[in-house]
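So that we are looking at the same thing, I have put the structure below in structure tokens.
Here the chain labels run A, B, C and D in written order, and each chain numbers its own residues starting at 1.
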Amino acid sequence: MNKKLELIEELESSVRSYVRSFPTVFTKARGYKMWDEDGKEYIDFFSGAGALNYGHNEPAMKKKLVDYILEDGVAHSLDMATDAKVAFMEKFRDVIMKPRDMDYKIMFPGPTGTNTVESALKIARKMTGRTDIVSFTNGFHGMTIGALSVTGNSMKRKGAGIPLNNTVTMPYDTFVEDEVDTLDYFERFLDDNGSGVAIPAAVIFETVQGEGGINAASIEWMQRLERICRDWGIVLIVDDVQAGVGRTGTFFSFEPAGIKPDVVCLSKSIGGYGLPLAITLIKPELDQWKPGEHNGTFRGNNMAFVTATEALTYWEDPNFEKSIQEKSETVKNFLEDMVAKYPEMKGFRKGRGLMQGISSDIEGFSEKVAEHAFERQMIMETAGGHDQVFKLFPPINIDEEGLQAGLEVLELSIQDALESMNLKEKETAK
Amino acid sequence: MNKKLELIEELESSVRSYVRSFPTVFTKARGYKMWDEDGKEYIDFFSGAGALNYGHNEPAMKKKLVDYILEDGVAHSLDMATDAKVAFMEKFRDVIMKPRDMDYKIMFPGPTGTNTVESALKIARKMTGRTDIVSFTNGFHGMTIGALSVTGNSMKRKGAGIPLNNTVTMPYDTFVEDEVDTLDYFERFLDDNGSGVAIPAAVIFETVQGEGGINAASIEWMQRLERICRDWGIVLIVDDVQAGVGRTGTFFSFEPAGIKPDVVCLSKSIGGYGLPLAITLIKPELDQWKPGEHNGTFRGNNMAFVTATEALTYWEDPNFEKSIQEKSETVKNFLEDMVAKYPEMKGFRKGRGLMQGISSDIEGFSEKVAEHAFERQMIMETAGGHDQVFKLFPPINIDEEGLQAGLEVLELSIQDALESMNLKEKETAK
Amino acid sequence: MNKKLELIEELESSVRSYVRSFPTVFTKARGYKMWDEDGKEYIDFFSGAGALNYGHNEPAMKKKLVDYILEDGVAHSLDMATDAKVAFMEKFRDVIMKPRDMDYKIMFPGPTGTNTVESALKIARKMTGRTDIVSFTNGFHGMTIGALSVTGNSMKRKGAGIPLNNTVTMPYDTFVEDEVDTLDYFERFLDDNGSGVAIPAAVIFETVQGEGGINAASIEWMQRLERICRDWGIVLIVDDVQAGVGRTGTFFSFEPAGIKPDVVCLSKSIGGYGLPLAITLIKPELDQWKPGEHNGTFRGNNMAFVTATEALTYWEDPNFEKSIQEKSETVKNFLEDMVAKYPEMKGFRKGRGLMQGISSDIEGFSEKVAEHAFERQMIMETAGGHDQVFKLFPPINIDEEGLQAGLEVLELSIQDALESMNLKEKETAK
Amino acid sequence: MNKKLELIEELESSVRSYVRSFPTVFTKARGYKMWDEDGKEYIDFFSGAGALNYGHNEPAMKKKLVDYILEDGVAHSLDMATDAKVAFMEKFRDVIMKPRDMDYKIMFPGPTGTNTVESALKIARKMTGRTDIVSFTNGFHGMTIGALSVTGNSMKRKGAGIPLNNTVTMPYDTFVEDEVDTLDYFERFLDDNGSGVAIPAAVIFETVQGEGGINAASIEWMQRLERICRDWGIVLIVDDVQAGVGRTGTFFSFEPAGIKPDVVCLSKSIGGYGLPLAITLIKPELDQWKPGEHNGTFRGNNMAFVTATEALTYWEDPNFEKSIQEKSETVKNFLEDMVAKYPEMKGFRKGRGLMQGISSDIEGFSEKVAEHAFERQMIMETAGGHDQVFKLFPPINIDEEGLQAGLEVLELSIQDALESMNLKEKETAK
């Protein structure tokens, strides 16, 4: 092992994880490419788990950022007013909210996904006077106790060291069986006053569950969920931290369903450049916080405001969404080809937009694909409770050439995995 | 009101707070100075609530940061290895831990104070198998449910919307009466198996409570607290998010007490430049996390690594701590002078290092001082449950001239407050 | 209103309830009959909500009880040994456990249903080291916080004034839709480690939910539930407080399913004469209590031991169960006749054994039936979250004549209700 | 071991406890005497842990009870009205409440101490909308989760298997040090809005802590506690389950302090004869229960109503309280004599009324005294977290002869203990 990785072993907590899957030291990055200290070039189809939707070091943002720093722009401002912050809010209103006929207050809850989720749960509980939050199986919302309470993963939940309470887990779309509408189940619990499940303060959900296994809710399911929330006076929270900011083909992932959440959580790619930023969008009538009732030191990360503002420029172009959707179609077709071409991996395609993957019924297969991809200098990840899905997260602004390059490596990696797991030959024999 | 502040009113959540105290739009900053859009210059004795201990846009860090960006250094890396991250860890070991004979694993728990606190509570509960955490009156540890549970402030606690459980609040040093050792109380609860208070997983405390009112624990109290933890097998956590990184005169605020916490939480100024970063230092024997048991998207904020690494250079100079301590002495003397010179404010000095202030028994007085200071173009804040303390947080590397300039404005602001509250004249009449 | 009822209005808490449905002052009772202070005779088809399965003041028990008191038998003994207690345990072993091939330790947890449930939950949590309990929709287990946490009724749950935690509610048999096996849901939640539902310490359920609406679980459902518990190492608790002691036709209500619960809760009719008594049966390997870890002042209610022991004599006769089953069949046929004969009440039969009723889809109908029955001097009750079921709880040792008398009054009351709600004429018109 | 004790070993849960301290089988009892199956006579200075304040099988109650049963009085009535219940309420009003100028609603919450405590906590939370309850170190309130949450004993708390939440433990009178007024702590926590302790729904306390070590609060402490509750709008609950019904010399134990609790919990001796009964007294303005919001099968234990009513006859005689107080004085003098006469036991007297004992600083001494007492055919118990107190609970209507007989045995048992622990001779040698 090299010196630097040894130093990590010596000094870094055992909690570290991605460095174990991608054991090299990265030094440089641009667009969909990364380079390690030996100059080896990697294709990055992981995109910072969705925090780098525009790729690494996007040139326009980079320029604005360097200029801002060189001019001694304010770096850190808590929630004082700065030019950079006001510019971001204005552009977010004009480029994102107005064209979508949206009216939200913008809250800066601290610069991470878990922070925006915690703020969303708080305001929902405060405004309803109720305590329970309904979340869904295989949801992933964060690692702090409030957000972890609505997260499904049992290993992460146990990490809390205390019972996680004031939440109820309902089955996500298709959780039980394909024929069953899982919202029947939810509604039955609400209807019956002897069900043991109180009317919750809020429902929180992801339209596509990234960590949970690239599970995509159907349009109808989301629409019915919204109706249920309206009928019962439940605050509807969409956690769009990972699926938002274009990842599924529209700025907000819920746009195709035509729903209007009461609260929207954004983080990851909202900063544009991979810098920590999170915002909570709250319907004005719900925004009844007292000043400072929720706060945080890094609410005012101005460098992130600068790059976030520049990133919104992409959305001024009406063709941008279309281009993501076209690439999504390419990925979809490619993955369905793979499923058909390699039946021995017992796979099926999952997901939406540039948040797709293949779930394999063969234990360990998807992990194997990701391992071989890394050998072939591509970075990609698995998802799901048993790592049963290998998933593609290319930048949403990737060019055709880059996308094809990645897909080619992926097919080779599938072949590698079939071979190394002795699945290919068996199949051939057949 | 100007256009930009109107836009904030229109778009930003009602939770915003500092913009209400400092209603102007800042555009530039350097060292202890800030400028607003009209070019007005402000003295900043607030320092980002302790996140800007080295002042704004420190030149050496700025250079490294710009170079890094220009070279397409990796901006965002989750917990993959990067050059920037390894360099930080190595320098932290060599400059901070080794000379202090410290041996800790470094965890990157997500880039905010509340995140490091949540990770500390988790590992303490996991390693002890116990659920309760003991925190102290007027402690402040963060806004996410886990950290909020150990935070004293009742307004913030109510914001949770749920009962905050699995914690016990003990009286901080001098909370009850000056003559009482509050640890007698704590120890009595531990000793008696009918006390209703279980042996906790951990004790978490700040050596100087910044938000809680600039309350400084005595050396003896801290030492006794450590002994109690050792005697009962309780994990000792120091939340050094605000008091650490030199704020009280040494890198870690607990150094003068000679105690060895099991876990140390750092954030705010650890990044050097005001960029989001947090680390959790964990004694190797406690560092039994499973890979990924706690994670977060912005663990790998490489720009913050770059500035954090450069910031550590300050600590290579043995005179640096001395210079902070000298300035602390200056502040101390100045504040005691103020108390003596203006008895009508019924004040007494509080705090340690460059984390001092005056608590006034006159309702509203301290807020008035801060208001007048802002009129005089100085930014400073109040603290305590009733905002009874006005506090000084100058950069720790401020020069003599800057320090004096600030103290002068402060004295004038005290005079202003006495006048505007009609306290001065009454006193004169006496 | 009479003097005594006025006095109740003046002095008794507003929490009182049955006195509102049955507003008279009772003075005497025997078998299935009660008399009020004016000498009016009532048929009691309520049986103390299942606490008077042998009817009022059963002569053989009465004799033993009076003799015991006259001989200065020990009345109250905590958990010291008394003759009366030992005699009960011995007979319970010989008459109940041995013939059924059961091996349990007998715990006396305090003399009420809620107490036996609390003790069951404690031992399950202690022995598994887990915190969650799975209960079922419309389950009813008691009013103290532990038992209330596993009770479904929302009005009662809100009465707690705190969130009720460490429990998960799963759908009882047929809760969602008739075609769905609700245990598919439960098993799916257990199977998926991202479901947000941890493997619970225990499952607690009633084989027939009395308060919840006379819902009877099918034999197959109970058997599958037991298998699930075995597969996952979950403690299986049957709360047989109401359905046990012969109410459904066998001593334990779960006997027809052939399942072997780990813990069985008994109270109500176990005392025989309506005297407070409860026992918790625990499989020997689970019975790892420390002495006194759960205690209570009235564990040793010796008068109840005396009547409980005598009551067991009924079970020495192999024909006793058969006779209950025959009467159950009579009730079943009668109720199905009613449903067919009076389609305008939109009813369907529910329940098992002498724990049956009719659920009416017409709002308020079932309550009306019970009201008219009381006018006709019969005491009977409604059940279910919307009081949609009128139910029959005659003594299990009632004679044919008594049973017929009650059923006749019931039919008349149904007719009364149809008439007073104008349902009969509408139907006739049709 | 005899057959019957063997049978208990075979069949009864390991949770049993008193049978281990008093290993014989009792068959008969009267007044302060009990007899075992071998005809051995015991002096009972334990009185069912306070449930037999009138001694065993008090003749007047016995007669009423037998008559009631023989006349087929209603045994079990839930909360329907019965003659026996109305008679009890009327006499309780006339004999107890009226002469003491008390106005309470009477709630029947289920027949055990833990039930009345749970109902008290519920109504306090409901009426205030707050969740926390303040209880005190070494308080004992019951074994169900709600009551256990306010109980101090760590072994019992751990028995819950879940964290016990929504409660805060404050130091009972003299808990910390003799000079400190522990209510200073409590008030300080309430005063400071950064204390982490919310204004609670209620305070619950015992005037003399029986299980916790016979700790008696001073009159001044109770009065100050009442004032604090009034000042902050906190519901004041006195748990008089053990100390009430004459045990300390007045009917309610708090009468000497002149305080007026909002809620009073009574059980144990309220039934008179050792039969399960509990009542919750609630100030009319707080009694806002919905019908059935708290219920229970054995609310209507009519035999207990009959004996409870008869027991109140004692309180019609103004000399009854005086006689208890005189006996209390006798016990007090005797115990102080013992302390003085046997300094080698390092004891000091504790308690009030007929609820007194000696706390010995010598580990194991008090248990030894109780053991030797049992050898000498006297039943008495220890108390406190380390069983450091041996306590006397004679019937409150015991005659002079009985009292002297018991005290004589006690002195001999002290001598036995000193001898068997080799303390006497050491002392003599001195």
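Note that in this section contacts are C-beta pairs under 8 Å (C-beta built on N, C-alpha and C of every residue); 3 or more make two chains touch, one makes a residue touch a chain.
These numbers were taken from a predicted model, which means no experiment stands behind them.
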| item | value |
| --- | --- |
| Most remote chain, CA-based centroid, reference being chain D | A |
| B-D or B-C - the one linked by more C-beta pairs in contact | B-D |
| Between chain D and chain C, distance of the C-alpha-averaged centres to the nearest whole Å | 31 |
| Cα-centroid distance, chain B relative to chain C, in whole angstrom | 58 |
| For chain B paired with chain D, centre-to-centre distance based on mean C-alpha positions, whole Å | 49 |
| Contacts with two or more other chains, residues of chain A listed in rising order | 131, 155, 162-163, 165-166 |
| Contacting residues of chain C [partner chain A, same complex] | 131-132, 135-139, 150-155, 157-158, 163, 165-169, 171, 175-177, 180, 184-185, 188-189, 192-198, 212-213, 384-386 |
| Residue numbers on chain B that touch chain A, as the complex places them | 4-5, 7-8, 11-20, 22-30, 34, 37, 48-52, 56-57, 62, 65-66, 69-83, 86, 89-90, 92-93, 105-115, 118-119, 121-122, 124-126, 131, 142-147, 149, 155-156, 159-162, 165-166, 201, 241, 267-268, 273-276, 280, 282, 287-298, 301, 303 |
| Residues on chain B engaged by chain C in the complex (per definition of touch) | 162-163 |
